[in-house]
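Before any comments, here is the structure.
Labels run A, B and C following the written order; every chain starts at residue 1.
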Amino acid sequence: MSAPLVRLSGLEICATGADGAARAIVHDIGFDLQPGEVLALIGESGSGKTTIALSLLGYARRGCRISKGVIEVAGHRLDQYAEPQLRGVRGRVVTYVAQSAAAAFNPMLTIMEQVIEPALIHGLMRRGEAQDKARALFRALALPDPDGVGDRYPHQVSGGQLQRLMAAMALITDPALVIFDEPTTALDVTTQIEVLKAFKAVVRELGTTAVYVSHDLAVVAQIADRICVLRQGAIQEIGAVGQILFAPGHGYSQALVTAAAPRPPAQALPERARGQGEAPLLALRKVVAGYGRVDAQDNPQVRILDDVSFQIDRGRILGVIGESGSGKSTLARAIAGLHAPASGYLTLDGLALPRTIKERSRDQLRRVQMVFQNADTALNPAVSIAESIGRPLTFFHGLRGREKRAEVARLLDLVKMPASLMTRRPGELSGGQKQRVNLARALAARPDLLLCDEVTSALDPVVAEAVLDLLVELRGELGLAFLFITHDIGIVRAIADDVMVLYGGVPVELAKREALGTGAHHPYARLLMDSVPELRPGWLEETPAGTTQQDRRPFDGDAACRFFARCTAGRVSACQTVVPPLQALEDRSIACHLELEALLAGARR
Amino acid sequence: MPDRWLLALVARRIGGALLTLFLVSLAVFSISLLMGGDAAEAILGQSATPEALAGLRAAMHLDQPAYLRYLEWARDLLGGDMGTSLITGMPVSATVLPRLASSLQLAGLTALVSVPLALALGILAAVRRGSLLDRAISMATIAVVSVPEFLIATIAVLIFAVTLHWLPALSSGRTIETPLDLVRTFAMPVMTLACVVVAQMIRMTRAAVCDALDSSYVEAARLKGVSPARLVLRHALPNAVGPIANAIALSLSVLLGGVIVIEVIFNYPGVARLMVDAVSTRDLPMIQTVAMIFSAAYLLLVTAADIVAILSNPRLRHR
Amino acid sequence: MNYPLSPAASRRPIAALRFVRAHFSLILGASIVGFWLVIAVIGPMLAPYSPGQVVDLDVFSPASRQFPLGSDYLGRDVLSRVLVAARFTVGISLMATLIAAMTGIFCGLAAASGGWLDAVLSKLFDTINAVPSLMFGLVVIASLGASSAVLTGTLALVYTPGAFRTARALALNVTALDFVTVARARGEGIGYIVLCEILPNVIRPIAADFGLRFVFVTLLLSGLSFLGLGVQPPNADLGSLVRENIAGLSFGSSAVLVPAVAIASLTIGMNLLIDAASGTPRAGGSR
């Protein structure tokens, strides 16, 4: 075995707290990396994975300090280097791909200027050479318009492309080691697969040694050789990908793998036949919502939701899935009365539900409650947990004093939180706890329908699992209906009864949960399902590229079918001119011009 | 290539400034109405006969309704006619323009000294954040911001003129022949004024540069091995141009408008003192003109800073 | 045999020391500002002489047992005059700042709800801002006379646009947060939303802004009085004291130095307090 390229041992990193005292946030980290090897650092937020990765550049963020240990990369003892020597290493020997390339690119400089900067400041190439190399890397990373993209500014390029451009910047100096810091976390799944494929191809072609930081085991399984599981700043287990995925030794690794594996579908409530003349709990008919001036035909200038119709029955969970910009959050806001639709109508139990909060009765407001994605901003930081949960009790049910206290305690118990946390402020709670409080506050109103907007996407996988379990349990206990918005098709598969796929503000497919993954699907729904990484190595290679090589736009405003520009399922002339009709099948309906045969063909591919 | 959208954006800013200037002119005109007193009475004195007063009022159109007088005043002002001083009987422009020139001279010299100094110290403090130097600059700026300018000025006089006899206590009435004269004449007013504006500019510059230095793109640049100087000059500063331009504009507008105390103490013949005199003699045309000059200068500076911020931002330049 | 001190016992004084060190400027600023507030309230009662009375045959006499801070240009007791003048400076500044802050916050919160009201209010305060503040003050004072009420009102008006802008920006930031949306979705009224959801979260920056504006008001008031346009005789604020005793400056008379230092200490103290309370140095603002 050759000498390791990277050697880390006894690493300790200290952070200075508010009181001025230092405490170790990363303890006794040690691992080796052979040339050409890709090591994944995996763990939840706060596990120290990014901090450790940055130490391989001899760098610690403000307030942190590398206090102990050996950091050796390609013969450089970074722990002993002073700042000027470190500067010679960074960007040349070790390079970095940040989590959000959109933030990591300087908005004031052109992309080319930034991509070739490492080569120029380290005196490795002349400007012209560097530009040629950059363009070659753009091509290798499958970027559209590789010759022209460098002249653009970061805001003119999509997030997925910026992530690849950042990789080009990291590779231009032929570094010994590349650090990828959650490079696909901020991307939609359909974009993530393109970026992953591009990364994997160049990493293999150039024989790059890399450290890949992620919280997503399935992603890591595609790209890494070995996995290092971290928790609270300490290594739990290091092993080959196959060993960690299929025979995790450490208890925590097992929990991670379990959380990452597809959930078994939740037990649906026995579907109760709706009585004669009984209306669905919530129904939307031809709802259009957007921004800007509304014309005579009630069409807003920018349409975010276009002709959306569906219904939810009591005790049912409707999963709404779509990528960023698909209009799924606007849908929840429209139902909650926060974003008045320009046209169309809503009914609650068969009675018209007014479009704005002002027009709704207090009882209508009570029956529809919303739970926000980000528990950090959804709870008032200046107010105690008891007050946050107590307010709807007073507002809707007139509870006060001891009665209210008892009810708050009961609700906390319902979301599996100790009543002793009542007096705390949100700042003193963990992310998962905050989301539970958030949920308890919504339940305090005793609603019939909960609108859940990406309620688990900001949580670590293990915590998210527990919150999902809680939701399913609540549905069983309280008979609540849910509109569950997410970008994660795995979650929809696990907990929803019905599924709606939104693309460009249009429901392109409505289906029963059991219908997912079998038979005919809308081309976008299929792309979405095919893009979710599976928890096994080799999946990435087997999966055909979705829309790589295309300079895709979110949706084509000119074509009648919103998915036209990205569609690879075989287009017909009507796609551009006629709004796709809804083809109703037994357990699904699909808005597409293609014949059922063609839609099924996609399944056999 | 500047596209039409950008031009429209800039035009909107300029239009907004012009609208504000119009509102200001309404305000200035109304405030001067508020001053009460009767210009005719002011000119003829209290012993004037009612007939003489009425005649003069008619001649000055004082008998017309206020809005007509406003329109007339505004029209004249746009045509460059600033009216006639009620006290001296001379055209306002004859008095104001030389004073304006000397005010601009003082402001210009002060800007020349203070802007580079403030930028250098502000950037230095941001780069060396938390260091002894940063804290020293921070304490010094707090102290200077907190001390009234008349105190700084009088202490300067006490030290440099009265005790050390290095500089003349007064700035006016001297002819400037050599560069040394220039220094001797302007040293103290410029020094005092610089104190007033530098502190403010340092604080705002520091904050803007700190923001830029905290950003992900500066961290990314640091991880590319970019040197500290390049980090600041190439990566952080361009992003701080907008706020810094704004800080400079606000400080310079202070230079134009808030220097009354300095001009009085150093007996400097600027517009601000003209203003004080005009107020005490109730010389309405003079007050109106000077007020409009101040406001126009303020709006010019702020709008210029706004446009600099727009043009420096690629997100607005290349949509 | 040595017994080590129990950890708790040895840590307590260090913790206290660390607190003082970490919050040095907070403690210093709060003490200075507190001192002047107290003086403003009880100062005149402590004055050993009537502030207007000539009690010393000598003028600009140095500090003595009889006159702890010496006498002024007419032979009046400096201590008594400063004690009374502090009430004018602090009182007028505080009132003006309060009015400016209240008006600014009220209008700022109203404007944050958007729509035409925002456009109108923003343009209105832009306009007030574009008229140079000192000039504005001069004209109003020249026309209405320099009574305390007129001074207070003028100073308040001059500094309202700044308070408005701060409050509006803060409210816009907070209104965009989800917990405000949650309250709106629940059907809460505007009063509850502003008082219970928004206000508790902006109170610190608003307090910092208030302190900053107090500093500006104090400086402008002192400047006006220094020019003879502020508080009029027989009353005097600290700026007037500097003005009337300016002749004593050349020989360092306490009659001019004490009021000057008083103004500076008040404003520096307030600045220290703001900086310490807001954690990071403030971004500044127009004066």
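Odds and ends about this structure:
Quick note on the criterion: a residue touches a chain if its C-beta (ideal position, glycine included) is under 8 Å from a C-beta of that chain, and two chains touch if they have at least 3 such contacts.
Computed from a prediction, not measured in an experiment: that's the story for all the values here.
With B-C and A-B as the two chain pairs, more C-beta contacts join B-C. Each chain gets a centre from the mean of its Cα atoms; the one farthest from the centre of chain C is A.
For the pair chain A and chain C, the distance between mean C-alpha positions equals 49 Å. Chain B and chain C have Cα centroids separated by 24 Å.
Computed centre separation for the pair chain A/chain B is 51 angstrom, with centres defined by C-alpha atoms. Within the complex, the chain A residues that touch chain B are 54, 57, 59, 61-62, 86-92, 95-96, 98, 100, 103-109, 117-118, 121-122, 152-153, 155-156, 166, 169.
Interface of chain B with chain A (complex): residues 214-227, 230, 234-235, 238-239, 312-315, 318. Taken in their complex, chain C has these residues touching chain B: 123-124, 126-128, 130-136, 138-140, 142-144, 215, 219, 222-223, 226-227, 229, 239, 242, 246, 249-250, 260, 263-264, 267-268, 270-272, 275, 281-284, 286-287.
Partner chain C is touched in their complex by these residues of chain B: 19-21, 23-24, 27-28, 31-32, 34-36, 138, 142-143, 145-151, 154, 157-158, 162, 196, 200, 203-204, 206-208, 247, 250, 253-254, 256-258, 260-261, 264, 272, 275-276, 279-280, 282, 287, 290-291, 294-295, 298-299. Those residues of chain C that touch chain A in the shared complex are 18, 22, 177-179, 181-182, 184-188, 196-197, 200-201.
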